[in-house]
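Quick one: the structure is below, and I'll ask about it shortly.
Every chain is named by a letter (A, B, C and D) in the order it is written, and numbering of its residues begins at 1.
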Amino acid sequence: MSVPISWYLLLAAALFAIGAIGALTRRNGIAIFLSIELMLNAANLTLAAYSRLLGDRAGQMVVFFVLAVAAAEAAVGLALFIGIFRLRRTIDVNRINLLRW
Amino acid sequence: MDALSLLWWIPALPFLGAAVNGLLVRNGQKGLVTFVGLAAPGASMLLGLTAIWQYATGLAPEPLRQAVYSWTVGEMSIDVAFRLDPLSAVMTFVVTVVGFLIHVYSVGYMGREEGYRRYFSFLNLFMGAMLLLVLGSNFLVMFVGWEGVGLCSYLLIGYYFDQEFPPEAGKKAFVVNRIGDFAFLVGMLALFASFGTLEFGEITERVLAAPEIAKAPYVFGLSLAGFVTLCLFIGAMGKSAQIPLYVWLPDAMAGPTPVSALIHAATMVTAGVYMVVRTNVLYQLAPEISLFVAGIGAATAIFAATIGLAQNDIKKVLAYSTVSQLGYMFLAAGVGAYVAAIFHLATHAFFKALLFLGSGSVIHAMGGEQDMQKMGGLRKHLPLTYPTYLIATLAIAGIPPLAGFFSKDEILAGAFAGHHHLIWGVGILTAGLTACYMFRSVYLTFHGSFRGSHEQEHHLHESPKVMTVPLVLLALGAVTAGWIGIPTGLWEMAGFADHNVLHHFLSPVIATLPGVDTGHHLSHSTELLLMLVSVAVALGGWLVAKRLWGGERGLAADRTFAERLPFVQRLLANKYYVDELYDRVIVRPLAGLARGCWKIVDTLLIDGALHVGAFVTELTGDLGRFSTTGNIRNYALYFFAGVLLLFWWMIF
Amino acid sequence: MELLAFVVFGLAALVSAIVVVAHRSPIHSTLSLVVTLVSTAALFLMLGSPFLAALQVLLYTGAILVLFLFVIMLLNVQRERTGAAARSPFQTWSALIAAFVLAGAVCRLLWDAHGEAVLAPLTEDFVALRNTASLLFRDYLLPFEMVGLLLLVAVVVASWVARRGGADSEEESR
Amino acid sequence: MSTSFLDLLLGDTITRFVFFPTVAGLPLLLMRRAPAATVKIYALVVSLVELALIGLFVVGRWGSTGALLARDAVLPWIDLAPLSVVYEVGLDGISLPLVLLTGLLLPIVLLGSWNGIDKHWGGYAFSMLLLTTGILGALVALDLFVFYVFWEVMLIPMYLIIGIWGAERRIYAAVKFFLFTMAGSLLMLIGILWLGWTYGRLTGVWSFRYEDLLRLELPIDQQLWLFGAFAIAFAIKVPMFPVHTWLPDAHVEAPTGGSVILAGILLKLGTYGFLRFALPLFPHAADRLTPWLLALALVGIVYGALVAWVQVDMKKLVAYSSIAHLGFVMLGIMACDLVAWQGALIQMVNHGLSTGALFLLVGMLYERRHTKKFEDFGGLAKPMPWFATVLVFSTLASVGLPALNGFVGEFMILVGTFKAGWRWFAALSTVGVVLAAIYLLKMLQQTIWGPITREENESVPDLGLREALTLAPLCVLMLWIGVAPKPFLEPSRPALAALLEDYRSRCAEPAPDEPLLAPARVSAGSPTFAAGVVDQEAGR
């Protein structure tokens, strides 16, 4: 039996919400990063589902680019964490509040 | 040589001398300083005398006007122009001659001073400005000179600038003068606004042509003439030290004595009188202001004379005497005796300059001491100074046939003839007081026995020739200057033709207005009677002085006076506490107001409002600032909330 | 059959996602993210994108997450501390509420839009890798090249930022 | 024929001397490692070349028309229909004296800052040069948009000069200066935009050209609002009474050169703005508010003088005296009389010279003694006779002693004001003349006269050659203007006469109920540019 398209979309929404909760509540910088990857993934899922629904592969292309950007983002972001860790010996975002006030 | 075409060089030469001495010559070159400092006013005097001679013999009484260049153009077109007419001729004569003699005297008096060059530079500057004042053809040039002499007065009073008091006195002189100048300026504005010109000649012509313009109501129920003359007279009050603006003149004695002689006795302080006479056409149209002038003059005359009685500083006595005599001149101008005012101005220039220079010689001999309580018996040591000082005293006291007699008598006659009997009475009383306090100074200084220290006594000596020669020459003037104005009545009684030279010479300057009665004539007998009365009063004053202070009596009379009437003595010695009064009533409240403006209005109100505004802004910013936690999760939450809001907005 | 696959992979994705978010240890989080991503890759496959599924496994799990693991181990990140000071209940609760509200609203919208609608069967044409390739290398060539450039820049920047004794530490030591 | 900006920049144009300082000053920013002397001499040379450029430009046009007029080719700047902003600059008799003064003060300021500025001399000099561009630009702008841009360009360098090279409380002063000026100029910006919009409504094209906007006839209520906006901006700059408090702080904290430029020229931009923009653009509103502005000017004269009197800081005294002097200028401008306007214009120059000299002197004293408080001085005439001479000279010029420059302006202003019928204002403002003597002589009294009370004052060195060179041109001009003001008054007369003629004729007609566009004025209308030579009798 075929799965309704909305199920995929609902699943993506759920994943997105979980990712959002993680991004907002975790203090570890890398964990926040992981949560964001989760959210990106949820978005990708949505894109793929709509691509399927509309029969247009442009959605898949977008997912491809999102993946590439996510890779670039991960590279730079993790490098930043390394840099910050060198300076402050922590990546707890509660303690990295350089922009305070 | 056509001196008349070189008219503008008369004031220019002293300016040149001042510039050369001030900017080019170095401090050490004393000979050069003396040469430049004397050559400039000397040349100016020669040129001036030649010009006056050529004018009097050739052009008189038509005024000569020489425009040098135009100062401004357009709607307000004013020339830098000079004017030689009988009035300015007399003034130029007095200023250049007395001025040059005082310059010569200064060579000796100031010889050992460190600021010799500065002194001569300023003195030349003063001569230039004074000549600008008297020769100026319009109010503007006159005002330039007017302020210029004020400036030189400021600089020269403060000549001993490294002491506390002289610069203060200079400042006071300048500021008090400025108060007068402010009125002068307003008067000029009113004149210019009404006539569109500041030329003396043009204004006089227009007023004569249409007196009703000047009589039209202007402000405060005053006519235009009244307003202008009131303003100008307030200006004159400042410059010529009349009540209530006389307070600076006694303090001005802080300057070197020749400066007091030149500026604060002979020339500058008489500028106010000159101006009133210069604008006599307007004064004649404003009888109420003229009366006011006469009243102020009379009040000043007697007021200053009483103070003069109780002063112990020889220069202060002379200073109050000057104030008093200036009061006389205004009295004359106020009652319409303009010629008499100028006459007294001229004679006064000679004998008062002589008095000051004589006192300078005394001070020189005393090694800088000015207190008469420490003098006495100096006639033995100062064989030339004493007689010249005595001549001047006789002249100022009004003993015939010296200069002061004729001029003072003419003033009193003028007052009497104008039916101003009260003013005449004040004048005659002042004449007595004048004789009294002037002889007091003679007795205390030259008679009796020496009251100073041994050191001073040892040091006593007559001044050098360069100082005594001017004394003698001025004494000559003090004796003879009155003879140019021997009253018409006397000539006629003696059966001669009228030789009242001054009167004839000056009469073209005095406007004759239809309907304004200037010709008060006294009968010869009344005139003679008045003369006798004034001579008697003068002699009476002398006798009183001799009784009180003559011979060996010294200061006994003063002590008795202080014991009997301590209150009056203190009042007089402290000059009626006018300085203190001004300080309490004007200066301090004004300073308080100024401080209030600064501390309360500026700092508290304006800046305070500003700071309140700034504080509120800062507070708002602070409140907002707390959202900037620096914690990235908070930012993420804001972002998320924003997304939700957007979402909400997009859906619904 | 498809339903079963969806339920299995969907549940796996959800559960592992929760673990990613909830676990204190970053290592565990990362590892369970692997599960999520692989599950999603399966879903991609079911949605007719074998290309994306492969890419997901190769790129995400194979490259990015390995990078994460390296960094975590490099930095030797400890578990999050759980002291009182570290907690911020307001942040946590508002995050939960916001996430649920969002999820609820989105779900509601999607449901309203699509309901129980069933997809048309997959066509050979849609799935064919050849077509995907021609799309990517012909129509999307420029973005593709630019993404390559972006990655290059990212690599350069990352290596510059993370280098030992970088600009920051120089600033620090001054 | 299309001229480019580059053509203007390289030709014998106004644009060239406006932008030359900034362009030539750019290398200063790169000379961070160069020896100090090189930087200073380079900056000085630039300033002298600038003076030569202005001088040559003016001399080249002198006498050709008698009225000295020039304008650069108009360049389109922002052309987004319906918005049309053009770059248009021109020089006439009103801006000429201030342009010349700016050119003159620039080298003097740099020379006067030779040793007083001890850090980042190059940056300081560049700020000055940039400031000069802003000032010159604002003075020659013939498009309100361009004017506004230059107006704001002036703000930044001055802010930096006070904020970086100032004294202890420099930040406070700089921020205060910035906020005051900015608040005013934003109001003005709104006014400018409103004018452009109104013009656009009437013609379909937004224009900010001065000559176009002069054709606008606005209803009285709009005029009042707009005049208010402009007047507040300019009044803050002048500064007039209630909005003056930034000035003393700015002066006290600013370095010597900054004070000289601030007092010498920047303040005049306010009065210039009244004369050039506020009055001609909104004649009816100006006419209606004249008594109020005259009253404020009068209050400024008396108030500034009184407050100056009780200051304990030499520089603050001079700063408050500026308020009083600028009050005179405002009095003259609001009197709306040709003589008064001429006086106001020459008084702007006079104040720049005499107050500039005073600030330089205070700065020299500060370099020697590191204090500006009166209590630390006294008796300085003894060790520093030349200093004392120049100080007395400048003070007297400031007091308004006849035969020195200050008197010319004051006298003409008073005559004009009196003649125009504002007798009471003229009479009362002469009180300021008296007060000027009081506070300025107090300054002399407490600095150079009297016995020396502090040991340090015994051997203060007198003026050096460089300082003498700095002051000499100012002194010469003070004397020259005072003795023979005619050549200084003549060039600006036709322009002022035309402006006054236009103002009076517009005031004579009632303001319309709806915005109207008057036909272009050919003769007297736009100040002197259209006709070239204006009939000498036009002003009467």
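Here, contacts are C-beta pairs under 8 Å (C-beta built on N, C-alpha and C of every residue); 3 or more make two chains touch, one makes a residue touch a chain.
Everything numeric here is computed off the predicted structure, so don't read it as measured data.
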| item | value |
| --- | --- |
| Selected pair, greater C-beta contact count between B-C and B-D | B-D |
| Chain ID, smallest distance between chain and overall C-alpha centroids | D |
| Separation of mean Cα positions, chain D and chain C [Å, integer] | 65 |
| Centre-to-centre distance between chain D and chain B (centres being mean Cα positions), rounded to whole Å | 39 |
| Rounded Å distance between chain B and chain C, as computed from the means of their C-alpha atoms | 100 |
| Mean-CA-position distance for chain D and chain A (Å) | 61 |
| Residues of chain D touching at least two other chains | none |
| Per-residue overlap in chain C, given as positions that touch at least 2 other chains | 88, 91, 94-95, 98-99, 102 |
| Multi-partner residues of chain B (at least 2 other chains) | 633, 637, 640 |
| Chain-level touch network, classified as line, ring, star, complete or other | other |
| Which pairs of chains touch, using the document's own definition | A-B, A-C, B-C, B-D |
| Chain D residues within the chain B interface of the complex | 176, 242-245, 248, 303, 306-307, 309-311, 338-339, 342, 379, 381-382, 392, 396, 401-403, 407-408, 411-412, 414-416, 418-419, 423, 426-427, 430-431, 433-434, 437-438, 441-442, 444-445, 448-452, 484-486, 489-490, 493, 539-540 |
| Residue numbers on chain A that touch chain C, as the complex places them | 1-11, 13-22, 24-28, 30-31, 33-35, 37-38, 41, 44-45, 48-49, 51-53, 55, 57-58, 60-61, 63-65, 67-76, 78-83, 85-87, 91-92, 94 |
| Partner chain C, residues of chain B touching it in the complex | 633-634, 637, 640-641, 643-644, 647, 651 |
| Touching residues (chain side chain A, partner chain B) in the complex | 20, 23-27, 32, 93-94, 96-101 |
| List of chain B residues in touch with chain A within their complex | 625-626, 628-633, 636-637, 640 |
